[in-house]
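The same subunit A turns up in both complexes below, where it pairs with subunit B and then with subunit C.
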Partner chain A sequence: MSSPANRSSRSVVLISSAFVLVWVVIASFPFIWTLWGSFKVQADFFSKADWRYALWGTRTLIETGGTFTGAGYEGAWIQEEFWRAAINTMIVVFFTVVISLTLGTLGGYALARSGHKYAFWLLMIALIFRAMPHITLVSGYLLPFFEWNLWGHLPTSIIVLVAINQPFTLWMLHSFFLNIPKDLDESAKVDGCTQFQAFRHVIIPVMWPGVITTGLFSFLLAYNDFAVTSMLLSEENRTMVPAIAGFLGSTLEEGNVMFAVAAVVSATAPLFVLVMFFQRQIVSGLTAGAVKG
Partner chain B sequence: MAQIELRNVSKRWGSFVGVDDFNLTIADKEFLVLLGPSGCGKTTTMRMIAGLEDVTDGDILVDGKRVNDLEPKDRDVSMVFQSYALYPNMNVYENIRFPLKVRGIDPKTHDEKVRRASRMVELDDFLHRKPAELSGGQRQRVALARAIVREPNVFLMDEPLSNLDAKLRVSTRAQIKNLSHELAVTTIYVTHDQIEAMTLADRVVVMKGGVVQQVGSPTEIYDRPANAFVASFIGSPAMNLMEGQVSGGVFSAAHVEIRGLNAPDGPLTLGFRAEDAALAPQGSGQITAPIYTLELLGDATMISVRVGDALVSVKADKSYRAEIGDMVSFSIPNEICHLFNAKDGARLGD
Partner chain C sequence: MRHKTFFWFILPSLAAMILFIALPLVSVVVQSLHIEHEQVIVTTENCGPFGCTEESSVDTEATAQLRAEQPLGRFAGLSTYFDRGHLATAEVAEAWRTQDSFGGFLSELYNLPFYKALAFTLTYTFLVTPLVIVLGLLIALGVNRLKPVLKGPTIFVSLLPMIITPLIGSLILFWMIDAQGVIGKTLQWLFDDPELSLKASPTLTWITLMIYGVWSSAPFAFVVFYAGLQTVNTDSLEAAMIDGATRWQQIRYVVIPHLMPLVVFISLIQLMDNFRVFEPIVGFSAQANATSLSYIIFADMRSDITRFNSAAATSVLTVIGVAILLAPVLLRTWRDFKGKAA
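For the complex of A and B:
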């Protein structure tokens, strides 16, 4: 511990720790600020008089009799029925993740094990679609959806979100599958599995962390999506993100900013829980011990 | 019970020929070794038997039944992979049990079978461990146990020892030999190590460039190699091969003159084994040349001289002492000489 090499690195450790600390503070500040402000009234959090009102809750105390208030949450969840949006989000996210993971694992596995050249070109096409802005897809879909009377429903936006998501999950799972030695498939087949049993009993258990990681990414994409859901869903079917945008109001109607702030916090909190919960699964070294070395 | 027959089996990828017109009948309970340098088609041949590789041409028959179109699982073979291919998410016990499980064998018998297999490869103390917590040799034994657990008809091994260190290789080799004796199952074993082939095989198939060079018992292959390639591949050291000219029954090359050979005039490749030749009194042998190198092997001394481009070695007594550069004479009696066609390497005469 006291070797010269270690001693000289102590300052490096100090500097890098300080850097990381500063970075964490800067990165998390907007979240903390929003969380704090969501328990104030609009006159505090968006105070024109003094920004420090947001810290001490001066106006909140005057308006509600306490320095913290749940008025924003009450308004968003009860008055504006934000829970409907939350349920819609759950439905959309659940089906988007399930469908794109199912197609992604099967397709990624097939492409990873295919010796054919077209596998490469399929992946290339997938990459191109992935690179396109989401809104280009949506604008193309709008007319047929209106014509066929499909606009505004949850399944419609699930399909579009899957379409946007699929190239990415395909790519990611494909590269995870490439890391799993082919010997494992073959060994399973000789041991008595069909191709699908080998996939199901041998490959997927090994792939689990990769599936979780990919699933998390497609979850986030569907959860955070604004372009698709705001364009394709009718008002009663809106998911959380467009609902929050709705609270902010438009040029025609006045919104309630504090509802939006409370809704933002409500929508962010589950993400923290989710990432914390799955961080153990997102690990490398999936196949340690499978093959030599 | 499994007799395997390969009829005109070929494997091609586009214009590349992996295995060319392979014909062989492997008897029930035979231990067959496919031997050859890397890329000779030996692993491909095994994979075709396992069903992991499609056969381009020809038929594979097990007990007279054509199996070309059967899935690997329906061929009743088991295989040990070079990389072991253990299931990393399962412990040793579950790894060994896996073939029983997926084949729907009565679950009541699993425990007994797994324990018997693990006892045979001495893995009893490691059953609860994950493959990642095992050494290379232990992983190798798990792969062996997994292959023997359901007592298949055919046992395939793809270079199972190549990832082990030298010492472990010798002991595992002995274990495999003992195991195959105990199980008495048709076994096909792929290796590029001629010592493994010599020690394990009932019969050896030597391959090169997808073509079978020779099929025979280890003794046959060692004593009567069918061509110069087999001669140069089998034995440690391999057979000495010298290029020279024959005229009137006399083979001559630089430093070499061997008389009384029954060979036509013209170029010839002549071979002999290091242990068959002997030292001769200075100047009286068939080869007289300066010593290129001396290697002490413990039980013997290997003396090498240069003949043209080739290095020719002769085994001498372990007490032999000389300096590099000293002249030495070897006696090469005609009986020990193997004659090969200089052009295609085919064996000549007898």
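For the complex of A and C:
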């Protein structure tokens, strides 16, 4: 704000601040409202009489004796066994991220250090693969997976998510490795290291910021996926997102909507924590592709 | 880097992409050219006192066995592509002949499932993408003038709609716009119409889905533009101001040209992502009023009898759509690359 070019009249400041305020409300209100409402009964969350019931928990007080109730959470986690889905999600996400990063660092490093033409073409092909709608790929898997009895298992989903993730991971890590000076591993090679030894002893110790940022996006892709996990996992192996979609099948039953609301809030919480701790990495990751690509 | 070393480094990643991205595309093409076996019909001759009659019946057992042995079905060529569920050439030609007005033709076209999905997908892609860019830029300009203390929390809140699981994000909004939800109630009160429901009319459903799309993607554009704004040269801004440029002119002639490469980048990513719009339709239960290409593939696979060939044909058509969408970008990159090499 020190530069005079950034100084401006009061009305401009006022308008732009008001605009940002409106945006902040639009961005955050749905989350706050749903978090608050998840502790109410359905008659408050969807209020036939008055929307303010959701604020004070009028019906909740009548039905349960308190203004807050954990009934939705109890129903989702215990009665509907949402914890199974949570464990499945943890397994899928953990292995997807670890395998994606392992394959991605090796490939991204090679692409960044190879000056040959085919490296460029591989990146272009990866871009085309990145554009494929996931559901079109799933429709390619379904029949062969049924035939070979691969359908329904967690490892199948993990390896599919890893593959779908590769184009993006390669692009991102490629641009991070371009930022690591070439001299570093070149001099190691001059000292007698093989390419792999140079990678192992010189590059791996300095690559972590890029790997962590890429890992965050792999995490988001695996965690947020619906197309792959809903089509390729059997009922008992379902992860959280398809499980929530499953709750909706039985929405007509009273109270079941609140199970879904509670499950939604539970599944959102880890994402909040993630942004809170890794905000800077997410921002830098989003811009890495743009500024350098 | 030597070719051999490069090969071993890239091999695992390449193998994963070939096995699970390239081969499935081949599998989709093969599946789309086949169709499920017809039922096996057995003809039996019944001879009674009044002569003989031929009776044909379905041999369920043989049918099931045949279908189990050859799940791919029989070769059908391109017939699936031209049937009523996809390009529907016969129906389109019929509509073209019978309808005298272009509007009538279009509404006839809209009754065909593939064209209905295509209409929504294209409208969504080409409306949401520019809106995301404009809104993202406005937020970035606004946040950039905030006091430093406020910037962190504002960025935190702004990121939420983007990182939220698309299905969950659309569900949250779906519950709020319900006729008994908080936004639904507010709209009823604002328009003084107690019967108002965003789910009932196709137009309102389309608008809702697009608002969701802008809400969930604007943060991405915002973050990219915000990072771009940090690198705007203050010298050129000051020079513009000394030359008498107004605030608007500074943005128009200094800031926006600086951000232009970012606009290209965001449009590319957004076109790819919006073209595969899918989860919001599930989350908003909007399939009656709006379907997308991805959604009809999903529906084919989810129906009681999985229609592999139908899903596959739509998939191939979708991939062709993506190719057309990406063609300008790829052509440009290719030209740049050739220019650099020459």
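We adopt the following convention: the second predicted complex is superposed on the first by the 244 of 293 C-alpha atoms of A that agree within 3 Å, B and C clash if a C-alpha of one lies under 4 Å from a C-alpha of the other, contacts with A are read in each partner's own complex, and residues count from 1 in each chain.
Rule of thumb we're sticking to: a contact is a pair of C-beta atoms (placed from the backbone, for glycine too) under 8 Å apart; a residue touches a chain by one contact, two chains touch by 3 or more.
Note that the coordinates shown come from a computational prediction; the quantities given were computed from them, not determined experimentally.
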Partner chain(s) touched by A:206 [first = subunit B, second = subunit C, both, neither]: first
First (subunit B), second (subunit C), both or neither touched by A:273: neither
More subunit A residues in contact - subunit B or subunit C: C
Touched partner set for A:193, first subunit B, second subunit C, both or neither: first
Contacts of A:181 with subunit B and subunit C, given as first, second, both or neither: first
Contacts of A:160 with subunit B and subunit C, given as first, second, both or neither: second
Which of subunit B and subunit C A:140 touches, first, second, both or neither: second
Overlap of the subunit B and subunit C footprints on subunit A, listed as residue numbers: 286-287, 289-291, 293
Subunit A - residues contacting subunit C, complex: 3-6, 8-9, 12-13, 16-17, 19-20, 23-24, 26-28, 30-31, 33-34, 45-48, 51, 54, 102-104, 106-107, 109-111, 113-117, 119-120, 122, 124, 126-144, 146-147, 159-160, 162-164, 166-167, 169-170, 195-196, 199, 220, 223-224, 226-227, 231, 241, 244-245, 248, 257, 260-261, 264, 267-268, 271-272, 274-276, 279, 282-284, 286-287, 289-291, 293
Complex contacts: residues of subunit A adjacent to subunit B: 181, 183-184, 186-194, 197, 201-202, 205-206, 208, 286-293
Footprint of subunit A on subunit B - complex, ascending: 50-52, 71-73, 77-79, 81-89, 98-99, 102-103, 130-134, 136, 139, 146, 156, 163
Residues of subunit C touching subunit A in the complex: 1-3, 5-6, 9-10, 12-14, 16-17, 19-28, 31, 71-72, 138-139, 141-143, 145-146, 152, 154-161, 163-169, 171-173, 175-176, 178, 180-182, 185-186, 215, 219-220, 223-224, 226-228, 231, 234, 237-238, 240-241, 247, 250, 261-262, 265-266, 272, 275-276, 278-279, 282, 285, 293-294, 297-298, 300-302, 306, 308, 311-312, 314-315, 318-319, 322-323, 325-326, 330, 333, 337, 341
